[in-house]
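Labels A, B, C and D are assigned to the chains in the order they are written; within every chain, residues are numbered from 1.
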């Protein structure tokens, strides 16, 4: 499964180079992640309401070309793998319906309880583990 | 004329109070303004390409109730008035298709050249002035 | 009492106009508020740990001239008034040690419990009320 | 050479997990980079005024533990290497004067002209190349 999230670049997202500031791409990845999880069948809000958090432990982002104000950008999100303790997701950003990828990245997350203590997802929420496991891209 | 912009609340837009941070609403207003101007018949990118900028000189925002992560929010934008030197816009934020306004605000802008020097819009871009003047809400 | 907070403008805070984006000033006001409350004798973290929150209900900001990347900006913060239910603060931004104010603003807050329900500060935390009341600028 | 930049965590930098949102660390890295370059003997503003930009092409960030509101964080910045076309910098974040690193990261940049076209720094600004080359950490 892949999810596709479409956004319009905001003026506040630009910097004085005249392009989108690099800190914005992780925020777009996150918007993609929100949609991916929802499309898998549960909202991330519900996950948190069950006392399960998914903080990042690693982020990588490659910037290939620049997005600009008022561009329509799409975030294609997929799940690279999931274990009882971790989740790794992959993102590609495109602009204005061009097939060219302008940025890509990965995020690595750890499953934790509400106090940010790591937990075993298979024990804490086996249904959630199964749900997401079925979405791993081959 | 009114424009309506629909957005999904991003995780990065929340703060430790568990609600959307107040600095985000002006960014949503701006997304509304982008759509309003485009709907009037010209994109704000084109306006800037003609060497005309529209910086803020005043912002007010009233926070009535809180938006939360994953809420669908709508920004209803209208033009309160326009003169040769200034523009005043009005915004209302609603959440999750409820008619209840959760925040409202105004922005006052000044027309300037690319060096942020005030200009007379009627002289510099009479077509733009006419275009926007027709959109003033009564 | 007044507090003075000194910050260096970040690249991410600029936009494609080449100046600090207007949504940043409320964040600087907040940094000023954090320092003001600490200087009054209690940190806002401690206030929140006691189950008392201070969300905004109104923001106004006047933009007089623009801050730029790498400018040193100072935020002068004062308390305009405090009641059992509300707090109003005032801010002035200056840049690069010039006496000229480049932006000013006010925030109006309501005292609430951790569920964002309004509370009476005099009843819930009389010491905090007294502490802040003594800081009201005349 | 290393530079050390000290910052206070802003409320707006937190998210509903009660910790600093992960998109903030690249902004802190950038504040560190600003200070590093200035400490090397030229401000990044001056670099840009000479028509030379330094956009990112890669970002990595490792999140080890979390920063919280009102924490004092320090960013230790060093230059890993510089070529005629690229620059790689390294960052470590610590909190509240503990020696423990709570996050670390790298940014890879390309030297470009004002139109974001790659340039050869040795040809375009040999003095800048020499200045920075002397700061490479061994």
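We adopt the following convention: a contact is a pair of C-beta atoms (placed from the backbone, for glycine too) under 8 Å apart; a residue touches a chain by one contact, two chains touch by 3 or more.
Everything numeric here is computed off the predicted structure, so don't read it as measured data.
Two chain pairs are in question, A-D and A-C; the one with more C-beta pairs in contact is A-D.
Note on chain placement: the centre of chain C and the centre of chain D lie 28 Å apart, centres being C-alpha means. We define each chain's centre as the mean of its Cα atoms; on that basis chain A and chain D are separated by 24 Å. Here the spacing of chain A and chain C, counted between their Cα centres, is 33 Å. The residues of chain D that reach two or more other chains are 11-12, 16-17, 19, 23, 27, 30, 69, listed in rising order. Arrangement of the chains shown, judged by which pairs touch: all-to-all, with no pair of chains left without contact. Against chain B, in their complex, chain C makes its touches with residues 16-17, 19, 22-24, 26-27, 30, 48, 53, 55-64, 66, 116. Of all residues in chain C, only 11-12, 14-19, 21, 23, 69 touch chain A in the complex they form. Against chain D, in their complex, chain C makes its touches with residues 8, 10-12, 27, 30-31, 34, 38, 43-45, 68-70.
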